[in-house]
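Below, subunit A partners subunit B and then partners subunit C, in two separate complexes.
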Partner chain A sequence: MTAAERKAPVVAVRRRTRVQPGTGFLAPTVGVLFVLTIFPFLFSVVLSFSNVSVTNGLSIQFGSLANWTQLIHDHEFWVSLSNTVVFVVVAVLFEYIIGLLLAILLVQRDLRGTRFFRTVFLIPMTLASVAIAFTWRMLYNPAYGAIDAFLRAIGINGPVWLGNTHLALLSIAAVDVWEWTPFMFLLLLAGLQGIPAETLEAARVDGATWWKSVRYIIIPLVWPVSVAGILLRMIAAFQVFGRIYVMTGGGPGITTQSATLYAFYTGVTEFNLGYGSTLALALMVVVIVAAMLLLAVTRRSVARGQI
Partner chain B sequence: MGRTGRWVYIPLVFWTVIILFPIFWLAETSFKDMIAISTGPNYIPWLQFQPTLRAWQSIFSGTQTVLLPLTNSVVVGLMSTTAALILGAAGAYGLSRYHFQFGRIKNNDIMMWIVSQRMMPPIVTGIAFFLILRLLGLLDTQVGLSIVYLGMNLPLTVWFMKNYFDQVPIDIEEAARIDGASPLQSLIRVVVPVSLPGLVGTFLLTFIFAWNEFLFASLLTFSHAVTLPLFIAAQQSADAIQWWSIAAIALVSIVPMIILSVFVERGLVSGLLSGSNR
Partner chain C sequence: MKSRWHRSVLAQAGGLILVTASTLTVYAGSNVQAASKPCAGVTLNVITQPPPYIAGPVLRVEKAWDAKTGGKINLITVPYSELYSKIMTSFITGTNSYDVILFGSDWLGDFYPYLRPLNSYVHHDPGLKWQNILYTKNAYWGKTLYAMPLDGDNMAAYYQRSLFANKTFQSEFQKEFHYPLAAPTTWNQYLNIAKFFDGKVVNGHKIYGDLGAYQRGGQAFWFYMAIAASYSTLKGPNGAPEPGLFFNPTNMDPLINDPGHLAALKIYLQLLKYGPPGMINFNSEDVRSTFATGVAAEAYDWADTGIVADLSKGTKVKGNTQTIPLPGTHRVWDYRTNKWVSFTTPSQPTWLAFGGWKGAIPKTSLHPACAYNFLSYLGSPKQSLISVTSPATGFNPYRVHQFTDLKAWYKAGYVKSDLVPYLKVLKHNITDPFQIHDLAIPGEAAYVDALELNTSEAAAGQETPAQALNRTAAAWNQITNKLGRAKQLKLYDEELKTFGMSW
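For the complex of A and B:
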């Protein structure tokens, strides 16, 4: 029993017995979401705690911790997870910094051609990441690609971007930066438009350096919208799959294999559905923890006045 | 800002070039053959390389044409997006106009629950869907993939449409209600017409997400219901990569989206950003 029910039992009883107005609008959505997300999620949980065999028809024996103990000792899982974290941190960090710099440059300037630039910046976000990944795979190609050709032209011997164990993951993250920096830029620009011109002007008059007015005025003012943008991009980047699948397939070795890619290979290619589900659920736990950490750290630093 | 502010165009133009160059490169590749590709990066058609339509002919008339994946992408996109929009708009309307309370759960909690489903990586439900669709006989079908995309897009539709309905003034509905319209009638006859821009924007955005989706498609389809992204990825397993054909197929996937961006830029940008401004 909740506190509200204990205090006002009459109201609670009445509420429970009568269908609330508007339920007809909401019920189909909630029902479909239960069937299409909650149910498969629970099914996945069951699979991860079961011995799943597909050799003689499907057999699911519930009540086994084998998958989860295997996970803890699975070196490949931890490598995949750390690849994913590196990808997320690099991609989101650069998207935020470049997006913020562009937004600061452009705020409160009446530029001609705003609509043109907004359209161009929108385009990458609307394209299939698989098509983009293929395009960049060509651009990165050491023999035919434009990037190494450009470097050769200015006298630099370009690396094998996607074949180099140190560079491959960063090269893939760069494609994410290409696709999603405009999102951060447009989001932060919209956030900055809300700041009164006088606030920024006052800082300039008081002799604040450019860096100081960014650090102590602009960043605190756009912080709420920044957190929302970083959170959204972070959650999406943790799920990275198609981009890597097309560009390297996880290689060289497993140096670019993301957590989703590993779960995909395990679940589908090797048909190990139980362990595949376990890997997927482990990723989900990591995403939730990371999101909560981000929000907690943000809240604390706001409370301390650091931001 | 006048003359002094002109330099701000430099970073803008720089990033514009960075965005457009790969797309230009992709478009060019679709008109190249092996010679044009292997003689290093060639940019200027007729001068540096002889453009050819071979790739375009092959994807429309070869043994494995782009037509089946294209049809699948259109059908699955339309089915899943229409269903998500009808269900999601109704749900969003309910959350926007009524105060629910189920025990301690109120409107905000329901909204949080719906939105927080984005935190769940699609691979979690994907592996389960593989078994579920197999049991139902819906693996590798347009209907099966559409159902899965409905689940993927429904939270987004509710989210976008709730933001939109919250800004639609309630007065006109109240007037309709006084005239004797039922809640459903006032939604369909009064709210939907004035919310058309939001509905169209949401429809297009969720259609784009379905159009570009890759993970579910690669888990749940393999020959009859493959979509364009899967078809692009599948080309690479061929013995020798036919860059020009993949480029042409990729263009079939991205050109409609570029056209959309150009014509409904405002609606798409505001839709993409709307979720983050809360």
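For the complex of A and C:
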């Protein structure tokens, strides 16, 4: 083998690994991403494994599991997490069911006023979340709120929606359903419009009932869209903060306190940066696990032909 | 030729003189302007909470201060719940983000190492009329002045005068409780009044007994402490209170779960039963706005309830609001002897809750003179009078003339029958030697949150009152240990000495 032959493959490898022209243009984006996302995330991880003190300057002593040990034994964290899970399940489930029913109703082209209703249903989603929370807080007010006033007018003594330990979380979840059902409706409507009319027509000719058409044709065919919608809403619902902060502040007691609100109280109000970071990271892990579970269940169902 | 040369030289010399003279005039003028506009070209970064409260007065004086000094104000606002951490972050990272901070006095224990002393500024500022300020103790840490008082926060009780003057109610009350219906001087009397009026029908509408804040993060801490202050604090030999409210000053053990605090929590929780439905989620703003609707017989709160009662749009209690000092107790728990001490006349300390908003200058400010100039202007006798008599500023009276210049109050829309008792009680609160100052040591926010968490759980029935206070004590110990017990003890000792408390 000549010297030239020995060198040849090396040249080829170099050509293959050469930096593509224009890669440098990515640098600003990568830089911004690093500064605003990757660095804060890594810093949070460092803080969660550190003893952090802010009296007389910031002092970070890395290499401590104290925050994670505290998390395991923290009753308030587990209550907050279970509140969050209940909120997510209730809100996303109802958003999906109501969104699907509305989409099925309004996908029918022969129905009058569908365009009007499609527009009207989108209104809640376009409003500011904090404004919605304030409005509903007023609506739920037992003394001068419209809901209880209406109930009193028809002879019913309404409950204290946000002051009742059993009802407060569900009342807040109902507001989430009101605001975000249009999002689910929009996605599912797009999915339904993609189903060939002949398929449903054929099912009808074969004698399928409305429920059977929904169960065996519509749901399986819109399932990819459904998974995307549920996943997006689930991730957003896990992060619920402003709505609860405005409507109840986490009360009565901590019955409506979400994990993010707890992290906020700990990290921002108490300025306990180490434990606040630990709470935020713990929630992130929970969200990732929940998303993976949903995707795994979906994949298995598809593989078994259940969907 | 020569004469032309002379004319040319003369013309040039004349021109030079003119240019020099005009330059000197402009220069002298600019010097005069520099002297009269000492902050020309300076922009001050001022941080506080969003308007209308606290930031409102800043926005009001901004233009006038600019015209006077040539300086500009860059107002930065963050929600109250994030204000502490925002300011603290700038301190611990050493950035010179702010020239002026407007903050709650309770945070002075955390902030003072990062603040510029103001003693010499105030000493050379006769226009400020420092001696005119009634309320300065909590602007100091030790003997160093770190903050400019802008507000006179303290708590009082309020009731609807017409309800107490009603003959039918008077006789029914006498019949039920065997003593006349009158302004309550004890918390038990306050509770009885709430119980009595709850559910009564006035002018065809059902009314509620009382109003208070119970929401975590909604100032519940100060509402509970308003009651606990009288059950746990004895008057010392010099007339000042002894430190029975927060910690044992010899070892930093929490006093929060002693029988005095427990009795107070029981009253606080019973009062919840006689408030409007949903009061469990009330914050202090709900208290004052609800009182103005006339649906409650009595309330206790900061001085803001009195303002909202007279100045808010659509108020139903204007001319009908009586302000009284916070009720007291006939027995006070002595943490040193572990015994109740009884009194024939109720012990009624005043509660300087939160301690008022203050202005301060961080050490890192590049324009401390202008920053002081702005604070001095904002807190000047003239501007402060406008602030305390205007609605929704968050500033309450704290200077002598604010209690005597009644014309300014009437001009703002107050009614004499409401105003006179209102000012009398507020002045009593901030001049009474038996005044209890708020907690101001590092970690204050964490101590506050721990108590609010547990009292709100007790209010929701998820904990018994004793459990709530025991858990608070455990949390307070944990916070103290984390921050360093010896260090906290030293700072608490300094705070008590600053406030002139005796033990």
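Assume the second predicted complex is superposed on the first by the 274 of 307 C-alpha atoms of A that agree within 3 Å, B and C clash if a C-alpha of one lies under 4 Å from a C-alpha of the other, contacts with A are read in each partner's own complex, and residues count from 1 in each chain.
Throughout what follows, a contact is a pair of C-beta atoms (placed from the backbone, for glycine too) under 8 Å apart; a residue touches a chain by one contact, two chains touch by 3 or more.
Values in this document were obtained by computation on a predicted structure and should not be read as measured data.
With subunit A as the common reference for superposition, the partners subunit B and subunit C occupy clashing space.
Of the two partner chains, subunit B is the only one touched by A:119; subunit C is not.
Judged by the touch definition given at the top, the superposed model places A:143 against both subunit B and subunit C. In the superposed model, A:135 makes contact with subunit B only, not with subunit C. In the superposition on chain A, contact is made by A:58 with both subunit B and subunit C. In the superposed model, A:82 lies in contact with neither subunit B nor subunit C.
Of the two partner chains, subunit B is the only one touched by A:20; subunit C is not. Annotation for subunit A, partner touching more residues between subunit B and subunit C: B.
By the touch criterion defined above, A:268 reaches both subunit B and subunit C. In the superposed pair of complexes, A:238 makes contact with subunit B only, with no contact to subunit C. Of the two partner chains, neither subunit B nor subunit C is touched by A:199. Once both structures are laid onto chain A, the subunit C stretch out of 75-83, 345-353 or 417-425 that overlaps subunit B is 75-83. The interface of subunit A with subunit B overlaps its interface with subunit C at residues 58, 143-144, 245, 264, 267-268. Within the complex formed with subunit C, the residues of subunit A that make contact are 53-58, 76, 140-144, 160-163, 165, 245, 247-255, 264-265, 267-272. Touching subunit B in their complex are the following residues of subunit A: 2, 4-5, 15, 20-26, 28-30, 32-33, 35-37, 40-41, 43-44, 47, 58, 101-102, 105-106, 109-111, 115, 117-132, 134-136, 138-139, 143-146, 149, 178, 181-183, 186-187, 190-191, 225, 228-229, 232, 235, 238-239, 241-242, 245-246, 259-260, 263-264, 267-268, 273, 276-277, 279-281, 283-284, 287-288, 291.
Taken in their complex, subunit C has these residues touching subunit A: 81-82, 84-85, 88, 92-93, 110, 113, 214-218, 276-281, 283, 290, 293, 295, 442-443, 445-446, 449, 453, 456-463, 482-484, 487. For subunit B in complex with subunit A, the touching residues are 1, 5, 8-9, 11-12, 15-16, 18-23, 25-26, 29, 37-38, 40-41, 87-88, 90-91, 93-95, 97-98, 100-104, 110, 114, 117-132, 147-148, 150-151, 154-155, 158, 183-184, 187, 208, 211-212, 214-215, 218-219, 228-230, 232-233, 236, 243, 246-247, 250, 253-254, 257-258, 260-262, 265, 268-269, 272-273, 275-278.
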